[in-house]
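By written order: A, B, C and D. Residues from 1 in each chain.
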Amino acid sequence: MSSEPWHQNLAARGMATAIGIEITELTCERVIATMPVDDRTRQPFGILHGGASMALAETVASIGATACIDREQFVAVGQEINGNHLRSKSNGVVTATATPIHVGRRSHVWSIEIVDEEKNLICIARCTMAIVPKKS
Amino acid sequence: MSSEPWHQNLAARGMATAIGIEITELTCERVIATMPVDDRTRQPFGILHGGASMALAETVASIGATACIDREQFVAVGQEINGNHLRSKSNGVVTATATPIHVGRRSHVWSIEIVDEEKNLICIARCTMAIVPKKS
Amino acid sequence: MSSEPWHQNLAARGMATAIGIEITELTCERVIATMPVDDRTRQPFGILHGGASMALAETVASIGATACIDREQFVAVGQEINGNHLRSKSNGVVTATATPIHVGRRSHVWSIEIVDEEKNLICIARCTMAIVPKKS
Amino acid sequence: MSSEPWHQNLAARGMATAIGIEITELTCERVIATMPVDDRTRQPFGILHGGASMALAETVASIGATACIDREQFVAVGQEINGNHLRSKSNGVVTATATPIHVGRRSHVWSIEIVDEEKNLICIARCTMAIVPKKS
């Protein structure tokens, strides 16, 4: 089972594309993606919208979980996500790295760190996903 | 101090606009906003992206907190947000309502419920904001 | 299937007993319990320990979820919990009320509010539980 | 300013003592504590109570934050805590390690990992604390 098709689909449409997210690394052990701080991801006062960080965090965690399951039989569904916003940023690019904390049969927990160009921590998040059998 | 200018600015630019969020009610007691489920807010498998729900939640909470403080002297800064995704949705519109749980001098906590057209709960979230003196 | 035995067992042993938690109402729609603010639940500086609030919150949510499932076949297992501490308290009694936000086949989400004697909100929490088939 | 008195006070009373928590390392960079899995920390079905994990997590985070501030002028107050329960445990001892993620003037964020005797992860948590000036 190649990871190519579903990953290319991921990159090609939906919210991630709308706000400029690009996946740069994708394995079961780590997912990395970038997101620009621009008009698509800023809040009205000119800094990175906390919701953009959360959208980026949930994107990389979901892709990571999906990469690690039998996609013929299961889907990964986001259940819970939480994050702390630690530092503001008004332009440039942020980079998110998701790593698995717990990979169970029924659920995954992934940790996500978002940093700026100098590796300063912008946001730290944790996402719980249910691994659900596909309806047949 | 009129609430007009900052609210119009909020509506006019940034991430909320990029993903179709529209504020329909804004007071200190309640903020309501809508968001379409479309290509800007779906994940690759065709349903509402959990990160879009979080972006909507943080938007209404931030606007609500900003509405309730002395904006000449303070800014509301998102510190922490968490949410549970309860139901999937593939099209139409969701509506978020934010209400204040705690309005302190140094911090606010707002609760956010996101529902579909039939008032089914899609996401429930809670956001902690720091109320920080403006640098002068 | 009587709810008596498991509930009595709940009340009779374990952490809830160790820190003075008493269940005063138990249905599928609502669980209420009290907890004293005393040496068992204070932190060193003399006020209610945030961890005691979380223990109380997880107790009532778990009991509520357990009350609402087929206990012959399933168990409710705590997956995630989060809470905001809103007000300090140095003595007296707090009362927690848990209500179900989402009752699914695979997971529950319960909301918990903890108040003081004057109904001031001390803590607000949310708990996600997995509903897992018993091994046979 | 010696760290002795307040730390000894911490160890000597309150909830941490009531449920068997013992602090084994305490610096600004790391706090480590143990907690037995026994009748004081189990839920009724005989496994470690998730609320005990949260109480342990909030204890080490609070002590760590308190260790890192000017205690003559400020106090660290728990604002938000969240955690995922990853593995059950029915006896023995768990060990929590808290490390600072963000040490700001107004707030701290600490990460907490709780493991069993074989370093398996039992719980992962994150705690936000407000650093508040003492009333004078």
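Everything that follows uses one rule, which is that contacts are C-beta pairs under 8 Å (C-beta built on N, C-alpha and C of every residue); 3 or more make two chains touch, one makes a residue touch a chain.
Because the structure is a prediction, the values reported are computed rather than measured.
Student: With subunit B gone and nothing shifted, sort the other chains into their touching clusters.
Tutor: In the absence of subunit B, as far as touching goes, the chains form one piece.
Student: Among the chains here, which has the CA centroid at the largest distance from subunit D's centroid?
Tutor: In terms of C-alpha centroids, the chain at the greatest distance from subunit D is B.
Student: Report which interface contains more C-beta contacts, comparing A-B against A-C.
Tutor: Most C-beta pairs in contact, of the two: A-B.
Student: Where the centres are mean C-alpha positions, what is the separation of subunit B from subunit C, in Å?
Tutor: 29
Student: Nearest whole angstrom, what separates the Cα centre of subunit A from the Cα centre of subunit C?
Tutor: Using C-alpha averages as centres, the distance is 32 Å.
Student: Could you grab the centroid distance between subunit A and subunit B? Build each centroid from C-alpha atoms only and quote it in angstrom.
Tutor: 20
Student: Could you list which residues of subunit B touch at least two other chains?
Tutor: Touching at least two other chains: 79-80, 82, 84, 128.
Student: If you look only at subunit A, which of its residues touch subunit D in the complex?
Tutor: 82, 84, 86, 101-102, 109, 111, 121, 124, 126, 128
Student: Mind pulling up the subunit A residues that touch subunit C in the complex?
Tutor: Within the complex, subunit A contacts subunit C at residues 79-80, 82, 106-107, 128, 130, 132.
Student: Considering the complex alone, what residue numbers of subunit C touch subunit D?
Tutor: Against subunit D, the touching part of subunit C is residues 6, 9-10, 12-16, 18-19, 39-45, 49-52, 54-59, 62, 75, 77-85, 88.
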